Amino acid sequence: MNPSDLTKLLDNVRTGKTTVKNALDRLKHLPFEDVAYAHIDHHRSLRHGMPEVIYCEGKTVEQIAGITKRMLKAGSDILATRASDAAYRAIKKLDKRAIYHKASRAIVVQHTVKTLTKGVIAVLTAGTSDIPVAEEAAVTAAALGSAVHTVYDVGVAGIHRILSKKDVLDGARVIVVVAGMDGALPSVVGGLVDKPVIAVPTSVGYGAGFQGLAPLLTMLNSCASGIAVMNIDNGFGAGVLAHRINLIGE
Amino acid sequence: MNPSDLTKLLDNVRTGKTTVKNALDRLKHLPFEDVAYAHIDHHRSLRHGMPEVIYCEGKTVEQIAGITKRMLKAGSDILATRASDAAYRAIKKLDKRAIYHKASRAIVVQHTVKTLTKGVIAVLTAGTSDIPVAEEAAVTAAALGSAVHTVYDVGVAGIHRILSKKDVLDGARVIVVVAGMDGALPSVVGGLVDKPVIAVPTSVGYGAGFQGLAPLLTMLNSCASGIAVMNIDNGFGAGVLAHRINLIGE
Amino acid sequence: MNPSDLTKLLDNVRTGKTTVKNALDRLKHLPFEDVAYAHIDHHRSLRHGMPEVIYCEGKTVEQIAGITKRMLKAGSDILATRASDAAYRAIKKLDKRAIYHKASRAIVVQHTVKTLTKGVIAVLTAGTSDIPVAEEAAVTAAALGSAVHTVYDVGVAGIHRILSKKDVLDGARVIVVVAGMDGALPSVVGGLVDKPVIAVPTSVGYGAGFQGLAPLLTMLNSCASGIAVMNIDNGFGAGVLAHRINLIGE
Amino acid sequence: MNPSDLTKLLDNVRTGKTTVKNALDRLKHLPFEDVAYAHIDHHRSLRHGMPEVIYCEGKTVEQIAGITKRMLKAGSDILATRASDAAYRAIKKLDKRAIYHKASRAIVVQHTVKTLTKGVIAVLTAGTSDIPVAEEAAVTAAALGSAVHTVYDVGVAGIHRILSKKDVLDGARVIVVVAGMDGALPSVVGGLVDKPVIAVPTSVGYGAGFQGLAPLLTMLNSCASGIAVMNIDNGFGAGVLAHRINLIGE
Amino acid sequence: MNPSDLTKLLDNVRTGKTTVKNALDRLKHLPFEDVAYAHIDHHRSLRHGMPEVIYCEGKTVEQIAGITKRMLKAGSDILATRASDAAYRAIKKLDKRAIYHKASRAIVVQHTVKTLTKGVIAVLTAGTSDIPVAEEAAVTAAALGSAVHTVYDVGVAGIHRILSKKDVLDGARVIVVVAGMDGALPSVVGGLVDKPVIAVPTSVGYGAGFQGLAPLLTMLNSCASGIAVMNIDNGFGAGVLAHRINLIGE
Amino acid sequence: MNPSDLTKLLDNVRTGKTTVKNALDRLKHLPFEDVAYAHIDHHRSLRHGMPEVIYCEGKTVEQIAGITKRMLKAGSDILATRASDAAYRAIKKLDKRAIYHKASRAIVVQHTVKTLTKGVIAVLTAGTSDIPVAEEAAVTAAALGSAVHTVYDVGVAGIHRILSKKDVLDGARVIVVVAGMDGALPSVVGGLVDKPVIAVPTSVGYGAGFQGLAPLLTMLNSCASGIAVMNIDNGFGAGVLAHRINLIGE
Amino acid sequence: MNPSDLTKLLDNVRTGKTTVKNALDRLKHLPFEDVAYAHIDHHRSLRHGMPEVIYCEGKTVEQIAGITKRMLKAGSDILATRASDAAYRAIKKLDKRAIYHKASRAIVVQHTVKTLTKGVIAVLTAGTSDIPVAEEAAVTAAALGSAVHTVYDVGVAGIHRILSKKDVLDGARVIVVVAGMDGALPSVVGGLVDKPVIAVPTSVGYGAGFQGLAPLLTMLNSCASGIAVMNIDNGFGAGVLAHRINLIGE
Amino acid sequence: MNPSDLTKLLDNVRTGKTTVKNALDRLKHLPFEDVAYAHIDHHRSLRHGMPEVIYCEGKTVEQIAGITKRMLKAGSDILATRASDAAYRAIKKLDKRAIYHKASRAIVVQHTVKTLTKGVIAVLTAGTSDIPVAEEAAVTAAALGSAVHTVYDVGVAGIHRILSKKDVLDGARVIVVVAGMDGALPSVVGGLVDKPVIAVPTSVGYGAGFQGLAPLLTMLNSCASGIAVMNIDNGFGAGVLAHRINLIGE
């Protein structure tokens, strides 16, 4: 029930078209409905060209295709994360514009070409094995409309690599740092800049890495201040957050 | 050594005021110093009225007073976190303007009154026991120059409490959510807004809370996207990051 | 040895048909046997139309079919949990009435249609991936004789979803809440009602979810009081407990 | 805004005393307010003679006394948990009827004597060191209005002890089982009855007990079905839940 | 109810002194009572000169003295573990024969001098800091009646130390090995003998020892077969088990 | 080289049958070999008909067959644990007497029928899924020469089951208790007897059972004294230890 | 940019050959470039005949072959770790000199035969299952140019085995000890020598070994001093470190 | 007993000077004695001027003084670690030359001034709170005879700090890196040098640092190769190992 519906209802009460009792009946469950309405509204404002997101892990190709079909019909752009090749082929059949970002296993369908933000999100990785997670962050942010600059394999064991990327760090508005194993890169980056740094631990590594626990703890305990941490391998979340921060400056 | 210093030095070499040998002496450690210089420079830009931060945990009152003295002499503002009453009294002796924020155990000394940002940082807590950590975030962000709006005790077990604060959520540019026990508040807040949300787990609780591990994991696994997490009880870090994000919109 | 057997034995002693020595021999191991008897008796009262439960995980199809056959012959209804398609086909051969609940992987065989309780158990999930566990709870409770109302995908990241289900919450006698990832839904539900809430963490999620550890800790630390927690993915246990609580009001 | 307020507002619209615009203004923030209202309403129904609960851990005596004073003035009964002797003396000064349950460190103030439920909650402990947690559950349930029967020190290492309490188990509507160390008692009790069993692990023990982790895991993995688990040492939560279950049968 | 009681009851039924109904009444609760009886009986056989054990941790001196008094009156010997100096002085007042084993913090009161077993229990420690736990094992086993041979500070970092104790290993019937830090001694001992080895991890150490978790895991994973493990610091349990094994050979 | 071999060698030196140089060659590695010799000697005493043990996990069928062949040639009996069907067929080819214990996946080859001990080892399980581990213990102990009595599926959730096995408990010299899930059975058994109890946790269960961690902790924290614990699923170790304890009474 | 370059630049400024602005441009990016340069230089000195290392886990055969091709062209020797058979065949096609070390799954390609160090690295394992990790260490160290002596299956459960290898321990300059399960071997070795000992835990074992956590903790807590620990299964790292230590003595 | 002793013994047997029985007696305890002897020998070579080490944690001042007295009498130098002020005063009384290193809480007593090694051990810390652990390493290595160069507070959050210490890194033979919180410094150092790096995690930090677990895991997972890790806060062990490595180059 939106404001104009409410006005209409009150007008009807005023003119006697609706009894007070009937109006009361419609209004008394309002709290819950209205929150829903508010939420949908907020969603709408969110969605000026924003893609709908489908997390594909654990969904069958049929389910993914079904959801996609419904969303495309509703005019939404699509971002499907952790999607298999098969999922891509199914979506490609539904819409020729579908693009598969193989490294990140993300599928994007856009109805119109989007103007990207002026502000740039830098996405860095420590190693080459961290790239899929970084790509998920980059593709997500780009699909939401952010300009993205990726720099890979600049881990701290060769410290000159990140130091030589000063221009990238200087040119970015917000920085996503993806690292597995020792997860040390965000601490170094956090000490070089005074911008928001989003750290994403990856499950890359073995033994006492415990599937990403080691870099997760490293990042939470970073001696550089102003670093926030995402769940292990959560490139998507990092992309969303980086985009939201980036939008503040547009 | 900033660009204008360098220019001056080179000018002096050109005009003969400085010999090549003397200039060389000053420049020969430049590679490393220069990184330092870059860093100092970046620090300087950081420090237009920015406070120096002293983490007091594990330092003696004498050490804290010593560092403060040196910094005050250098003209810096001071932010001392996790400071005891005794530390406060020692700093108060050094500078009458020192203010002790008891709840957050933070001491602030400012040479001049600062103009706050137009953008507002909202700092929320789930319970009343989370307030000290939230206050650390709030005092930190304010000391750095951000306008802060705090709303406490709006945990999800009384969901109407956070829902009734829609105006606060709407009015903020970035939101810090502090919660112990189940750590569920950031997920709810993250679902109500499309702004950056910084989640801070606290060590509040008992038993299987494991000194903050439970809310830490909750927040890392939030089903709302775009939430980043700080270390347990790290209000300071949240304040710094929130301020950095807030600055993007100024 | 039931009461009438005992009476008969004592009568035989009284009338001399049995010597004291013989009676003593039969009675001297009574403690243990009798507990067994008590237990069986209690079991009997438990089983007025109650199904026998077969946990299929780790059993071969042959074993499952064998147990089912014996139980059906004994007149028992059957509830087989975590059953494969193959197990279903084997049981279907034994009894045409067998029904396979695919989502929960549960098989039910009932000799007669059961009258359900007047009291209703609400079973909620935070996400769609939590549905299999919720279905296990729902099918279990229903097989035991409880009326069940399921509401899925009402997680806290879209808080309006659970708020719009006030009538379901109001209409239930006991509520089972199933959630993975951040496991925050039970806290919100627990704050909206003053009824027993049974929380079931699921292994849904990734990274720092640690196969259900994150929502398990969240739920144990819920800031809403009166919430009890089951093992990870233990829909069956939740169904049994909810039914037992529900029966109190019949 | 309650139903009669709403009726009045609509009547005013109908009769022209309030313009549609003014009514709209009052209604448009309804969603949030109304949830709050609903909640307060639900709270009210909750509070027919229900005590207000104060969790004293981490609060100063002054804070506890302040909260108590306000609540007593509002006519509420009081249940203060994890309260020190000093807290008790402060509350005693405010109201002579205050009673201190030393074992559970709980304070109760009741304005009138309450009629207890007909249904009984049994509270059992495995050892004598588990008694404080059990007492917290018992005092809580009693303060809420439930009849409680406590049986202590009936752990499984002397299995005859719990077996000899068959009458207590038979006479109860819901059973709270408190145990530290191996946490095995709930499994045995759960196998003897077909009633709801609430298991509470305690931090009693040493070494590989890991402050209650061992019994917590034991209880979550109970091989008896229908057992739900509370946080470590959470006697209060167990008391609330047991009371809620007990009320279903009244 | 012992066999002769039962015979008497059946005789009374036979002769008509007791009605069948009365006998039935007495017998129908037998299961529970009888288990208790069996247990008490077994206890009795256990207690020919066996001490009663009081675990003092968490008990007040008054409680300890009270329990001791009652037991001494009942003629029992006393073994009080983890007892403070104060507890010792209180027990000493009750009985002059009380002996305080300071290293193990155990108090023993014996009414008569006991003949020790012919079989010997060897108790070894890796380091000197493990001695208190070893002493608890030794004092416990001795108080139960076993001959004990202790050898301390023979850890594997000086492998010749344990090798030079071949005679002790050869002369023992069962071996208790107490070790903190790396917990490696039981593996070496287990490889040198073909006797039962009981390993007790201690909380000695620091850092990644995690209060005994490290040696606990070491011992559970011993590459020597036939080693069983006790809880961290559980010298008492090791003493009881070693004595029980030792008794088999008497 | 045993004492009589040594004597013979020295005799040969004395009588000139062996030159000093030859004797020296045999003896010169003695220090270390002698430890080996002691070890081998002890092995020999161990091996009056004792089988050689092959842990098959991670070995190829060829490797297993190779080791078996060599051992059979040396006259040893064979016990191969965690063996596949294929390993069995390979060994069967080598020796027709090979027997495959399917439940425990153990293969036994014995040259002569062994006289079993008079003392009996009782092996109990809580559930049916614990049987493979229990069988490994039973087959191991039997292969070493112990009489074994197995009783399965007597978990504490049906407490009458273990109580009805009093005769088994009474008749055993040492008791192995195998349990997964809550791991509570050893505590109950430990309270019923005053014999050595060896507890073996199994990885049976799911969720918060954490692959056997839950029952492992339960058993380490048993409130019954005199219980020692083996590694998760370590039936072989339990069998060896039980046999060693059993031998003490022969 | 070395001192003489700097002097030249300053001279040019002095004489007017270079403008101040141009000099400033060259100097302002100095820090980053210089570090990079230093690093490259250091790399060069590192690579006199040193192999390039390819970690094959998670790389496709095509990727591995591609990297190898480029490196061979550049004249580098190759060390490919954790390589599959397929990777070997692909590299063999590129260069006939490729050798596959099957146990360690390492491939080595060397352009010329290398003179090994005079100092020897001893690599020991506790069991046979630890050999692959030990071989990775041995092959790595050898490929780097160190002489290596391997001794396998000398675990502490048969202590004579390591004692009989005194000559190996005496002859080595640095010792790598690889062990799974209880991880006790490094403590014993560390007590026998006063040389650097590098301990490598392996994921060998089961149950409470937790994939190598148990030996990792054992080794970190070794009661022998002077032992350092590598990540679980990190034979490669141990080989590199051992070689670096070994080089100190050449 | 060396080969020539053995030859003599055998000769005596051959010639009848020694009976076979006497020879047998001398030979049968050989293994153990010999190992012990070898060990003592090796100890002797170890102790040319080496200090005896006393780990003071958990020892009383009396015990420490007692041990020291005995050792001083034996002519040993003393290194007492984790020593209190009181321990120092007690040792000072025994020997005026005692020096207390307050930061590391280590006491050193040396009979003669030692010539230090030509090779230098660099000891670095990330922060100022890591200094006590670093000092323990430095004092230990120095007491053993190594030249030590300490550089503190060069953590990665200000990367220029470690980069500006290139000369220290270049001048050292082995490097000890001490770090708490994120533990990232060893990875950076490991990438800058090709020397042995010993990483020591400290318990400095809070929250998800878990008393040193976070930096421990970081270091074990370092992406720079050739780094070995010590137990948390184990400065002593690092000092010993660094010295042993340093000696190789003397």
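By written order: A, B, C, D, E, F, G and H. Residues from 1 in each chain.
Everything that follows uses one rule, which is that a contact is a pair of C-beta atoms (placed from the backbone, for glycine too) under 8 Å apart; a residue touches a chain by one contact, two chains touch by 3 or more.
This one's a predicted model, so the numbers in the text were calculated from it and none came from an experiment.
J.: Enumerate, in label order, the chains that touch chain B and chain G alike.
T.: Common contact partners of chain B and chain G, which must touch each of the two, are A, H.
J.: Averaging each chain's C-alpha atoms to get its centre, pick out the one most distant from chain A.
T.: The chain farthest from chain A, judged by C-alpha centres, is E.
J.: Shared numbers divided by all numbers used: is that above or below half for chain A and chain G, i.e. same or different?
T.: Copies use mostly different positions to touch.
J.: Between chain C and chain H, what is the gap in Å from one C-alpha centre to the other?
T.: 60
J.: Rounded to a whole Å, what is the gap between the Cα centroids of chain F and chain H?
T.: 41
J.: Of all the residues in chain C, which ones touch at least 2 other chains?
T.: 31-33, 35, 37-39, 158-159, 163, 166, 191-192, 207-209, 213, 216, 220-221, 225, 231-232
J.: So, with touch as defined above, which chain pairs make the list?
T.: A-B, A-C, A-D, A-G, A-H, B-C, B-D, B-G, B-H, C-D, C-E, C-F, D-E, D-F, E-F, E-G, E-H, F-G, F-H, G-H
J.: Taking the touch rule as given, give the residues of chain F at its contact with chain C in the complex, in rising order.
T.: Chain F reaches chain C through residues 129, 158-161, 163-166, 204, 206-209.
J.: Under the touch definition given earlier, write down the residues of chain B that touch chain C in their complex.
T.: Residues 126-127, 155-159, 163, 181-184, 187-188, 190-192, 205, 207-210, 213-215, 217-225.
J.: Which of the residues in chain F end up touching chain E in this complex?
T.: 35, 38-39, 42, 45-46, 53, 119, 163, 166, 173-174, 191-196, 198, 216, 220-221, 225-232, 236-238, 240-241, 244-246, 248-249
J.: Which residues, counting only chain B, touch chain H once they are in their complex?
T.: Contact set of chain B toward chain H: 29, 31-33, 35-36, 38-39, 57-58, 201, 203, 211-213, 216, 231-234.
J.: Under the touch definition given earlier, write down the residues of chain B that touch chain G in their complex.
T.: Residues of chain B touching chain G: 3, 6-7, 10-11, 13-14, 16, 20, 23-24, 27-28, 30-35, 37-38.
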